[in-house]
Amino acid sequence: MPELLQFLLSGITVGAVYALVALGFTIIYNASDVVNFAQGEFVMLGGMITVFSHAAGLPLPLAALIAIAATAAVGVALNKLAIEPARGAPVVSLIIITIGASIFIRGATQLVFDKQIHRFPAFSGDRPIAVGGATILPQSLWVIAGALAVFFGLWLFFTRTLTGRAVLATANNRIAAQLVGINTNYVMTLSFAMSAAIGALAGVLVTPITMTSYDVGLALALKGFAAAMLGGMGNPKGALAGGLLLGLLEAMTAGYVSSQYKDAAAFVVILAVLFAMPQGLFGRKSTDRV
Amino acid sequence: MRLSGKATTLLVLMAVIAVAPVFFPSSYYYRVGSLIFVNGLAVTGLVILIGYAGQISLGHAGFAGIGAYACALAPVHLGLHPALAAVLGAALSALIAFLVGRPILRLKGYYLAVASLGFGILVSMVLSNEAWLTGGPDGMAVEEMGLRAALKAIGIDLSNTQFWYAFSGLVLVIGAWLALNLHHSPTGRALRALHGSEVAARTVGVDVARYKLVAFVVSAVYASASGSLLALQNKFITPDVAGFMHSIEMVTMAVLGGAGSVLGAILGAAILTTLPQVLTVFQEYEQLMLGLVMMLVMIFMREGLLPSLARLVRGRGE
Amino acid sequence: MKLFTTTALALVLGLAAPALADIKVGATVSETGPASFLGDPEAKTLKLLVEEINAAGGVNGEKIELVLYDDGGDPNKARTFATRLVEDDEVIAVIGGTTTGTSMAIIPVLEDAEIPFISLAGAIEIIDPVRPHTFKTPHTDRMACAKIFEDMKANGYTKIGLISGSDGFGASMRKQCLEIVADYGIEVLADETYGPTDADMTPQLTNIKGKDGIQAVLNPGFGQGPAIVTRNYAQLAVGLPLYQSHGVASDGFIELAGAEAAEGVRLPGTALLVAGLLPESDPQRAVVTAYKDAYEKATGKPVSTFGGYAHDALRILVDAISRAGSAEPSAIRDAIEATSGLVGTTGTVTMSAEDHLGLDLSAFRMLEIENGGWKIVE
């Protein structure tokens, strides 16, 4: 069954990319109930800034660190300048604000950098690793490890740290959180910085596989958003499962059914899951406020 | 002045459409005008869905795609007149909206957003993949509607851009009139009740699921008609019409102008249609400016431009 | 007094040089959006060349004014900009339509207005059937297919696999390749596709690899897709000859795919790509070297085939204006149709009333990637 194995490895690679993007959505959503459609731009910035710092002569690890730090700063700026002033706006307004932000970041990137497609070398070379008749690239292992590490990090953060619980408390009830002494402004800033940094890290990890350019963000954001909703928004477990499931679905459809309709198959499954489980696979139940 | 008044809205709309051409320096402005009306029509439908019923959709371009491709395909394969093809497209959109609407509308907030988005992407994927039928991503030609030639025969000679300005303007006025009628009907009241609070509406006996579905189906017909108009006007259509970006554009127009009022939403359509034309002077900064405008309006004029401006004017008056 | 002198000066100048009015040339290309990879070098090329031409004294003693719009790859926007160019800017000719979709949306506007239009897109539908005012500079996708199939046939490959991008470029080339493939006695045993933003194509390539009898693989596409296909191809050690399309004919492709993975890949390219390898006697050598040097000096980016399409379009137009000796659209149209022996980056252009492209297969060169560089194989 080397084909099946190859499809599985492909699905896990792509799924880990989606999962990394989806994980980025969770923190901001948890802290503010905002789905940040500019999350894909964080991934793009991570890749692009690394490309250009590396081209300017910096060693790759340093270039990646700069990219992550710079993107985190962009995340904080986004929160301060666009999300905080719009607090309490309806979902549809927030969607438009974050999409506006994503168009803005894209426009700025094409001015500061360029419109070409870029890539930097894989961390551990390009020699494929043979796994029972199928192969996987070392960089895919980096992406998978990155997704798992971010997942465990977030899980620990939300369940074991005071700050993480403060984030959840802020999301649940902002005023109550303030009453018990949580600095909600700090929580918001931290959430955006972390989300942006995770996005940038994703960009750094996936660029050797997917390549990057100023306009890769939207497609990544859509897939990551779909993955996060499939798993249940706000739950790191959901983001990881949703991402991997989406990647596997695409690979299996491309392998066994039709490569033309692999994206369609993924969305059909998402629709079916949402119809059966309106909160996604691992989503928290919500009740209407009257 | 009561901006929400039905007669006022229609009068303002008709006056602007009739008088604007006086100021047009060249017939290119008719083209921009007709695009505003085409977008305005789709956005009027979204007023019913977003503004009245309080539901979101990030997939309405899918219905525009169905309307557009109906006009491209039905004349070739079924021998229908392009105008009848537009009606067929609208009927098909209504049927599809009816079938997918019930399960989709059970979802809320972002879940509704992603489900509708998925629907829109599915439609654009079919249009783009089934190249034997639709010509694939490169698109296909659309037959001439023939109305302009008929008008010429009875002595009304309009240029192509003038004709489409007048025709889509007329369709928009009719669309706005129907939407305003709906607003003041019992259905409209039920929709606004469920917008306020679904639970409360249900408690007082409103069949929430049914009314949401009505809003969804009606708005789908508007989007479909807008897609048909675009296809007939351009005489060429590509799957972009059903794409995600077009869905976002439509929602942004509605919300930017003020999704609660027909006139506001049409104003939003006018601004976002004209903006890229104006921004060409900024060349490379165009995207930057567009993103900035979207953010600023939504942050500082939360209800949209028109309602915010109206409040400002009223505030001054007191 | 000052006003008087200015007016007098203007009058004198106006009388001395009655042809001072600029020639307005319009363009709408996809500088942003999914086709910006193509449209960006096109826009840069047009700006660069217009500057160059004006610095050298313009055409027929008149300067060229370029009115350039970015349609973002959206056919609806392209049509609006075409209307604007014709009705509002009153240009005498339009270059553009980076993609087939935008070109097809522009055509009805310009045909109605009887303004010459030179498209930069690949599909054969643009010039077949011939429309009076529509021309184009890139080879058709069908010609690229023909060039590849000729090479396959010469090498004895009769059973191939196809993996194409589902974007406009890939889908259009796939369609045209499938239409003519039987003429070369070649059979397509596998027909896979991928999305333009996909991250991994190993499932599709695994299926191609698993099909018995396939002797070579063809990948019509542009952007990052073909680079990923090439890398996955090496990862899976498919081991069959891989053909790419003219859509990736640029040095950037080798860089993205990696010299190791791209080793041995063949594709039909233009002279522009191998300027340094052309023999001195090659008529295109001077043209492509001049353009390549100027472009790379001005932008700091490697030259691409797509910028070359815009280069040729402007050259054809300027040549026609100078031969027509007037800036009347109808005269320019006739002059473009009479273009003969014009050496461009894509080939030597000779148009006629039946042929609004004016290129033949000889303009394509079959290239092979060797040690991270290009080699002409023929």
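Labels for the chains are A, B and C, by order of writing; each one numbers its residues from 1.
Criterion: contacts are C-beta pairs under 8 Å (C-beta built on N, C-alpha and C of every residue); 3 or more make two chains touch, one makes a residue touch a chain.
Just so you know, these numbers come straight off a predicted model, no measurement behind them.
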Subassemblies held together by touching, chain C left out: one piece
Busiest interface, counted in C-beta pairs: A-B
Interchain centroid distance [CA atoms averaged], chain A/chain C, Å: 36
Euclidean distance of C-alpha centroids - chain A vs chain B, Å: 32
Multi-chain contact sites of chain B, meaning residues that touch two or more partners: 129, 286-287
Shared interface positions of chain A, touching two or more other chains: 110, 260, 263
Where chain C touches two or more other chains, by residue: 32, 166
Chain B residues touching chain C - in the complex, by the definition given at the top: 25-29, 31-32, 35, 128-129, 131, 136-139, 141, 160-161, 230, 234-238, 240-241, 276-277, 280, 283, 286-287
List of chain B residues in touch with chain A within their complex: 50, 56, 58, 103-104, 106-111, 113-115, 117-119, 121-122, 125-126, 129, 197-200, 244, 248, 251-252, 255-256, 259, 284-295, 298-300, 302
Parts of chain A lying in touch with chain C, wherever the complex brings them together: 2-3, 6-7, 9-11, 13-14, 17, 110, 114-119, 126, 128, 134-135, 137, 206, 209-211, 213, 215-216, 219-220, 251-252, 254-255, 259-260, 262-263
In the complex with chain B, residue positions of chain C that touch it: 32, 69-70, 74-77, 79-80, 83-84, 86-88, 99-101, 104-105, 107-108, 112, 123, 125, 166-168, 171-172, 175
Complex interface listing, chain C residues touching chain A: 31-34, 36-37, 40, 166, 192-195, 197-200, 202-204, 206-207, 210, 223-224, 227-228, 231, 234-237, 252, 255-256, 258, 260-261, 301
